[in-house]
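One chain, subunit A, links the two complexes that follow: it is found with subunit B in the first and with subunit C in the second.
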Partner chain A sequence: MMVTGLIALPLLAALLSLLPRQHPLWAPMQTLLLVALNLLTLALWRQVGAQGDALIELPLGAGTHWLLQADGAAMTLALLTCWVGTATLVHSGLRRSPGVPDAFWPLAWLLLAVLNLVWLGTDLLTLYIGVEVLGLVAVAMMTLSGKPEALAAALRYLFATLLGSMAYLVGAGLLFAEYGTLSLPALAEVASANAATGTGFALMLAGLALKAAVFPLHGWLPAAHANALLPVSVLHSALVVKASVFVMMRHWLTLAPPFSDSALPLVMASLGTLAILWGSVLALRQTRLKLLVAWSTVAQTGYLLLAFPLLLADDPLLRQLAYQGLIYQMLAHGLAKAALFMVAGHLITATGSDRISQLTGTSRHLPLTLLTLGLAGISLMGMPPSAGFAAKWLMASSALGSGAIVWMVVLIAGGLLSAAYILKLLREAFREGPERDVFEHPPRLQKMSAFLLSLLTLLLGLSTLPVLSLLIGGAV
Partner chain B sequence: MSVTDVWMIAGGGLMLIGLTGFLFARHLLRRLLAFNITGSGALLMVLALSGNDRGLAPALLVLTGMLVALGATALGLFLLRLWQQQSGHTDLPPPPDPDLDP
Partner chain C sequence: MSGHWTSWMPLLVLASSLVTALIIFTLPENRHITRGLLNLTGAVIKIVLVVVMVIGVERGMEFELRYTILPGVDFILRADGMAMFFAGLSSVLWLFTTLYAIGYLENSPNRSRFFGFFSLCVTATMGIALAGNLFTFLLFYELLTLSTWPLVTHRGTEKALKAGRTYLIYTLTGGAVLLGGVLWLYGLVGDVEFQEGGLLRHTPEALHGQLSLVFAVLIAGLAVKAAMVPVHGWLPVAMVAPAPVSALLHAVAVVKAGAFGIVRVVYDLYGIEFAASLNLLMPLGIAAAITVLYGSLRALAQSELKRRLAYSTISQVSYIALGISLFGPVGTIGALVHLLHQGFMKITLFFCAGNYAETLGVHRIDELDGAGRRMPLTSAAFTLGAFGMIGAPPLAGFISKWFLGTGAIAAHMHWALWVLIASSILNACYFLPIVHRLWFRPQRGDWPAEQTLSDRFETSGWLLWPAVATGLCIIGAGLFAGLPFSPLSWAQLVASREYLQ
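Let's look at the complex of A and B:
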């Protein structure tokens, strides 16, 4: 029952955040809520680790139950949500926050609550409600920066997310008409490869792909991330985009096995490959910091997609490896991308410009920020020791086991390209220039929140077992 | 032709009309209305597909869809008014070129 607290606590926090910010108890209250969320998430994560997956039945009346599933994947993502959420809220300044409007706090807490609902959901209705509310909250948050470009990007994102949800709804309707149930575990038992299932499944995947900015449906993402308020870009790129891919994965594990001989796995692998190449090349070509980070998200989502066909391998062990790799990549990318976006914000504050060419000389003045950039960058490139490396290693092991050599080529090419765009930033930052010597310093608390996130990518690369042991048996 | 077929055709037709508007209209208000028509068509189709004696689930699905459409329309109207006040336009500019350096 404690699991429902993962949703209830952030909801309560969202309501409490509506209180006026000037109140002296506001900052202590936020601190208390964040500590409570961290303790609760960690306790539940350990409980699932010790006792295995938990199924929570909430009676709805009339003999029906609402099922939530706290499995290893859900708890790992809840942990990511908790860490990124905490870092972002602390980063936004609990006491003073110049430039962050009051409306950010209730919306951010609401976002965390809905994210946890998505991780725990086991039926199409809960997941539909989850991704819908997530989309609307995310659109509202994107307008907080008040820039006209942000408004245009938010409207474009609103249309994309609406179109996606419509496709999902019709797909869910088709599946219900065929099988008379909306529950994923029940569908897994009865689903077979017929036209109605195929159409419904394809519609749902396409709708979610649009929301997740999967190549070639990524058009809305770069402008939206580049023009939003910094903490909003952090939450969106680290968590909201993941939520749609996570729901895709839940559907894939349920509905894809009957279609493993069709072209579907190949389509997913191709889209993943194109996303990695296209996203990385465009990230490399950007001259503005936030746009580079945004295009990197398009590329990194490709890795997630690349793991989908591997989830259908014949050997249960290979399926297991792909599943662990996929979840670990979500965790690794979430932490690294959140840190990277925060660093981008700090560098923009420091230089007063969004231009990469203006970074000259920052390394001497902002060592901690550059260390954070380095640590997060190593994880994004997939170099050891980092969580990103562990994730890619797991996926590569699964791919090699199935004899998918092409996969390795894509992985190496993607790694080199990410190294190129990360090193481009570092090169500019370490270049010594005579032009300027004065930089604005971001608050220490902000630097520390970003640093701790990047430190986590390192620690989760050095010690993978605590998380991976929760993910055994998930895809079998 | 059964009653279900009639509903399916009606729902499908509405979706087609709405999607056409969604893809070709430039004015944001028209696009928002087109989305609403598409949504109504989608909900009709879901209702027709699920029949009327299959429990609570499809009703909840459709109810959620209606609430989402309502919320999205309200949010969309708010955003488009703000956009019109700030930029003076009622349509979106062409999406930014990824290679362009503004």
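Let's look at the complex of A and C:
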């Protein structure tokens, strides 16, 4: 039951954040809430590790239930949410936050609550409510910057997310009509490969793919990320996009096995490959920092899709490797992307420009920021030792074991492509151009928040078993 | 992870430069003396630790640290004979290169960044030396790529950035190929540790076909850093880096990491006898022979000193691969001992080239006329290095070539002997004219950009003494080759363990 605290605590925090910003107790209160969230998440993560999965049923009224499942995957993502959330809120300035409107705080906490609901949810209704509310909160946060471009991008995003939810709802309805249950564990037992299931499943996947900006449905994402407030971009690219992929994965494990002989697995992996290629090439072609980072998200989502067919391998050991790799990639990418977006923000502050060509000289004057960029970059490239490498290793091992050498090659080649765009940034930063010695320094606390996230990608690359041991048996 | 002190030794060796790197990164730019002291302390501590381990390994002690880093994959640092061979080379040369770099970079900007990555680079090299399995090796191999890139691009000029880009395109691709090979191998046989004689010979015969292919993939990945033809292109381009970095790339770390990787794969993963039974050595030998000759021929055509040295490296490093392909203990000794000797000779030559450039502004070979009179000690060291490369007795290079040559005869691969002879003639053709210019030609007008770096010596002591010291090592390694703990006797010890199985 303590697990529900993961949702209740951020909700409470969202309410408390409605208090006036000027109140002297505001910053101590936020600090306290963040500490509480960290302690609670860590304690629950350890509890699930020690005692195994827990299934919780909460009455929702009218005979329906919230069905929550605290398993290793949910807890790993909750941990990610907690870390990225903490870093982002600290980054936004608990005491003073110039440029961040007051409405950001309650929305951000609400977002964390809904995210935790999505990680834990294991029935179609809970998940529908989760992704629907998540989309709406995210749209609201997109508008916070108030720029006309941001409003236009938010509107496009609103259409995308509503359309996605609609498709999901129709699909869920089809499945309910067919099997009379909303619970994923129950569906896993009864689902078979018939037309209704196929249609419902496909609709749900397509809807979620739109929300997750899966290639070729990614059109709304770059503009939305590039024009939002920095902390909003961080939360969105590190967590919100991942939520839809996570829900896709939950459904995949439940409904895909009957369809493992169809073209569906191949379609998913092909889309993933195209996402990696297309996203990386476009990231490489960008001249603006935030757009480069945004396109990188499109590419990195592709890696997640590559794991989907591997989740259906015949050998349970290979399934498990793919599952571990997929969750670890979510963790690695979430941390690294959050750090990278923060670094992009710092570099924009420092140089006063969003242009990559303006980075000349920053390596000398902002060493910590560049170090953060380097560490996060290593994880995004999947170079050792980093969490990104561990994820790549697991997925590639699984691909190799099931004879899918093509996907292994894609994984490795994708790493080279990400290296190209990350190093493009570093190269500009190392350039010694016309003397420029005046850079605006971002606050120390902001630099440290980003650095700690990137440090986590390194540590989680050196020690993988604590997280991976919770993910044993999840895909079997 | 046991609590015994011996398991901490490999970690301490890494920490001695990693901690140095981390502290240096945080040092303000103007704390030159603190930084220099830190660097030297780290270097000396590392040598002491390595010496302790060398003595321990000789007495049969085990230094090993391991933990499970991924499901079914261990992270292993272990000091065995082969590891100490490379670790000894790197730690000694690092000390010299650090001294040299302190002098070379005096009054230049971004020194904290430079020395930070410099130390990180040596950490990676020590990790490569001590890696106890292919996974751990790969980890540090990639770290080496990343930590040398900032050094190659250090100057931040358009040319340096371009060189850095070329460097990365080659090495990252090589790393990716290597990763593919490692994944494939782990998929076939799981986590196989490095062990003298190689453990892969115990694999069932059905896998031998695939293992041969894996071998090719692994060597292809490693060949990039070892600068074997046709994937050598990055090395001459990377010449734009500061001289200490060139020394590091050519003698201490990067090409050596590639060559050492080939050594590890052949001897301690496959095992030389198993590799020979799969007929894998001959293709390796042919590739090496082509590289040896090609590098020498291209060196002949260069008019810039550092570029000539770069092509010479391409040629000389493949002596190691050539020696590996000569099946038999003698060839193995030749390969291993050259791994060390080439390091000492090439670092001397690069130090000297840097001295000419810094003191006289000389970059081209035809500007060197009469430099021997202006800079006698530097020129003497250069001459030692050059004669060593040619293989003149009693210098280090002679020992290498003697064992390689007799190894070729012992392995009944007479063509390899002819390759060595041809290469030595080419070595003489491109080194002797330089030596001639240094000592026997009169100076032609003023030096391009002369600086007085010292009142007492021909150039700054920081630049001079490391070159002289490594030059003396070239004589020492040749003259005292028979003494215990000399490169030769250590190579004999290691080689004997590879064939006893």
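Observations on the model:
By definition in this document, the second predicted complex is superposed on the first by the 467 of 476 C-alpha atoms of A that agree within 3 Å, B and C clash if a C-alpha of one lies under 4 Å from a C-alpha of the other, contacts with A are read in each partner's own complex, and residues count from 1 in each chain.
Convention: contacts are C-beta pairs under 8 Å (C-beta built on N, C-alpha and C of every residue); 3 or more make two chains touch, one makes a residue touch a chain.
Only a predicted model underlies this, so the values are computations on that prediction, with no experimental measurement involved.
Of the two partner chains placed by superposition, only subunit C is touched by A:463; subunit B is not.
Residue contacts after overlaying the shared chain place A:223 against subunit B, while subunit C stays out of touching range. Of the two partner chains placed around the shared chain by superposition, neither subunit B nor subunit C is touched by A:266.
After overlaying the two complexes on the shared chain, residue contacts for A:384 are found with subunit C alone; subunit B is out of touch.
In the superposition on chain A, contact is made by A:363 with subunit C only, not with subunit B. Judged by the touch definition given at the top, the superposed model places A:169 against subunit B, while subunit C stays out of reach. Of the two partner chains placed around the shared chain by superposition, neither subunit B nor subunit C is touched by A:55.
On subunit A, the surface touched by subunit B in one complex and the surface touched by subunit C in the other have no residue in common. Of all residues in subunit A, only 62, 64, 124-125, 128-129, 132-133, 136, 139-140, 143, 148, 151-152, 154-156, 158-159, 162-163, 165-166, 169-170, 172-174, 176-177, 180-182, 219, 222-223, 282, 285, 287-288, 295 touch subunit B in the complex they form.
Contacts from subunit B toward subunit A in the complex involve residues 15, 22, 28, 31, 35, 38-39, 42-43, 45-46, 49-51, 54-58, 60-61, 64-65, 68, 71-72, 75-76, 79-80, 82-83, 86-87, 92-93, 95-96, 98-99, 101.
Those residues of subunit A that touch subunit C in the shared complex are 321, 324, 363-364, 367, 371, 374, 378, 383-385, 390, 393-394, 396-397, 400-401, 408-409, 412-413, 415-416, 419, 423, 427, 430-433, 462-465, 468. The touching residues of subunit C, counted against subunit A in their complex, run 25, 68-71, 73, 75, 109-110, 112-113, 138-139, 142-143, 146, 149-150, 153, 155-157, 161, 164-165, 168, 172-173, 175-176, 179-180, 183-184, 186-187.
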